[in-house]
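Order of writing sets the chain letters: A, B and C. Residues in each chain are counted from 1.
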Amino acid sequence: MFEQILETVKNKTPLVHNITNYVTVNDVANIVLACGGSPIMADDAKEVEEITRICSSLVINIGTLNERTVESMILAGKTANELGLPVILDPVGAGASSLRTKTVFRLLEDITFSVIRGNMSEIKTVYEGSGNTKGVDAAPDDAVVEGNLEEAIAFAKRVSQQTGATIAITGAIDIVANQDEACIVRNGHPMMAKITGSGCMLSSVIGAYCGANPNHIFTSTIAAVSAMGLCGEQAYKKVVETNGGTSSFRMFLIDYMSKLDNVLLKGGMKIEDR
Amino acid sequence: MFEQILETVKNKTPLVHNITNYVTVNDVANIVLACGGSPIMADDAKEVEEITRICSSLVINIGTLNERTVESMILAGKTANELGLPVILDPVGAGASSLRTKTVFRLLEDITFSVIRGNMSEIKTVYEGSGNTKGVDAAPDDAVVEGNLEEAIAFAKRVSQQTGATIAITGAIDIVANQDEACIVRNGHPMMAKITGSGCMLSSVIGAYCGANPNHIFTSTIAAVSAMGLCGEQAYKKVVETNGGTSSFRMFLIDYMSKLDNVLLKGGMKIEDR
Amino acid sequence: MFEQILETVKNKTPLVHNITNYVTVNDVANIVLACGGSPIMADDAKEVEEITRICSSLVINIGTLNERTVESMILAGKTANELGLPVILDPVGAGASSLRTKTVFRLLEDITFSVIRGNMSEIKTVYEGSGNTKGVDAAPDDAVVEGNLEEAIAFAKRVSQQTGATIAITGAIDIVANQDEACIVRNGHPMMAKITGSGCMLSSVIGAYCGANPNHIFTSTIAAVSAMGLCGEQAYKKVVETNGGTSSFRMFLIDYMSKLDNVLLKGGMKIEDR
């Protein structure tokens, strides 16, 4: 199945509309190209609907949101929903300011998302804004470790139930969950947290994978999470070999995404059904 | 002649005012520095005229246009025209949304451009907006190949006639044309299409070359197109040597621009008069 | 002392709020991570105060200022002042347009800065805007060389006296000065001027160092200036080894910041009290 997901991305070259932040936008565009997609960045309210219409998916990332772009996100999201295109949400920093939290709540109200990817803190905020009346008491601690893994998976399923989206909670151990099914991904390397954009890049790779495989959102999300982690592992090895640092790591990460094939992916995926 | 073009860029260190998109802006700034120029990015309406006045050329790139920056483009463009400075247009995505198409039409109406660089689809849109009454029927297909090369060259000359600008249509084979003369450039590598910013970077290198050589717009444009392609060829070789991917390619591309000299350029240029 | 500065950055992982330009923002975020801090970029007026409140320091960089973000700078700066957090100013291009100059004057009036870092031209503009009634006649020429070094140090002290900030004037020779004390730093490499963002990155590294060591602003600034220069020296060596260019240099610069430890810093610092 995962082989087909990758194959389809490369055959279809899905156009991915990204309304994203200006910090990591270049890396996002380059990794979408590297994974076989084609990125379009457009955030003016006057054109976002038209741009979404020619695309295969939409990725909304609130990393450097401002009033102007929030309106564009809503317009593009509604258009994608009308057309039945996958819409991915990356709620960067949700919970860190009331603007971010309110924006996430508004996006959740106005747009149906196919996938929501964030760290545990961000997904907790998503949970609060998705009709949950119990607060976040039920949520596990922000770092997902072996000890709270079961709890975290159950939480991810609840967020999926409330939002209707596939939920990807990424960290030392990654969780991908639907209402009824979940799996964990043990790919990745701690150095991914030492560069900016690992999360943003992953969200847009999910956008490319889902854009090419709109009927396989859950599987595509798992494939993207695992692929990204695997590239991180490979990149770290090359950093050691070349006596590099975090900036070399960033380059090698995108390099490996551009070289990823089924052989590498199949040999390296560390996925467990839960 | 090409030797002098390069020499002059390095001797004059032309200041290049870029009103450009936030996706590739960092690469653009770095390649302008690498080729011997000095980049200034400024897009607030309150300062663009003043900034243009201290510069040697202006590059307008509509990659992530919005209402605020379009006004700045017009103001800066008019100032550059008053001063007789070279103005380069990169109509990114023209044709993809009516905002982009309308913006290009407005820019063409208000500003006289020295050089317009885009892919065939973008240049077709430029043609529509430049007083052409025949639609785009006369234009060749979007991919320039041996079979439609003559047609594409003739088209580029017509666009030049209508706009008064040197036209650079880049792709697998690059065309640079004036009203009466044209040449094709066979430098470059397909991996240039696998990173974001190859086109944006080239447009600003053209800005630097023309800024230093304002009386040799046509020759400077050819030199820049060939130089960029040559750096792409060299970069690809190094990607293979280092077992890299697309992100390494991007770095090597800028590296080679920073190391480009007359010996390398002269030995590698693949230019044919047509 | 310098050892403790570095140690504290790594132990505290200071959150650094950056309101900065979109040209170099990615490099800034990555070098803050590389040096042991954690960057947050947020520029909407509705959230900047809240974001500053959760941070250890604030860096204001006017590289691509616009009306919207200037208001955010003021709001964030006042909040940081209330909380007693270090605020760093990078007056990019001050003097190049009246918008930039006026913005710097306004920032100096409304906000108390802990550190102001710029090149000589920018710091001269700061001097004009900080209550100086003598114009810039007393300032040395814009390039700091052995011949005008004493004059430049005396000037830096005067700017410090007028602004209350530690002044860092960077160039071929770097000067760090307080009202009463000064030192020069002879680390660095000319290739730092051949990439965009060397200055922006340094300002935010100062932000991280001061954020972790708010009671040692002067020493932290010296440590950051020297560390950055040292990474430039190391990066250049690796460029030569790998037959690279300016883009490789940029990567190695951030790489070395991510690998910098007390041993390397202690062995390489070139600091002279003056």
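In this section, contacts are C-beta pairs under 8 Å (C-beta built on N, C-alpha and C of every residue); 3 or more make two chains touch, one makes a residue touch a chain.
For clarity, every value in this text was computed on a predicted model and none was experimentally measured.
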item	value
Superposition of chain B upon chain C: rotation angle, C-alpha, nearest 5 degrees	120
Same-residue or different-residue interface between chain A and chain B, half as cut-off	different
Intercentroid distance (Cα basis), chain B paired with chain A, Å	34
Multi-partner residues of chain B (at least 2 other chains)	22, 26, 250-251
Chain A - residues contacting chain B, complex	22, 25-26, 29-30, 33-34, 39-44, 46-47, 50-51, 54, 68, 250-259
Chain A partner contacts - residues on chain B that touch it in the complex	21-24, 26-27, 63-67, 93, 96-100, 194-197, 244-248, 250-251
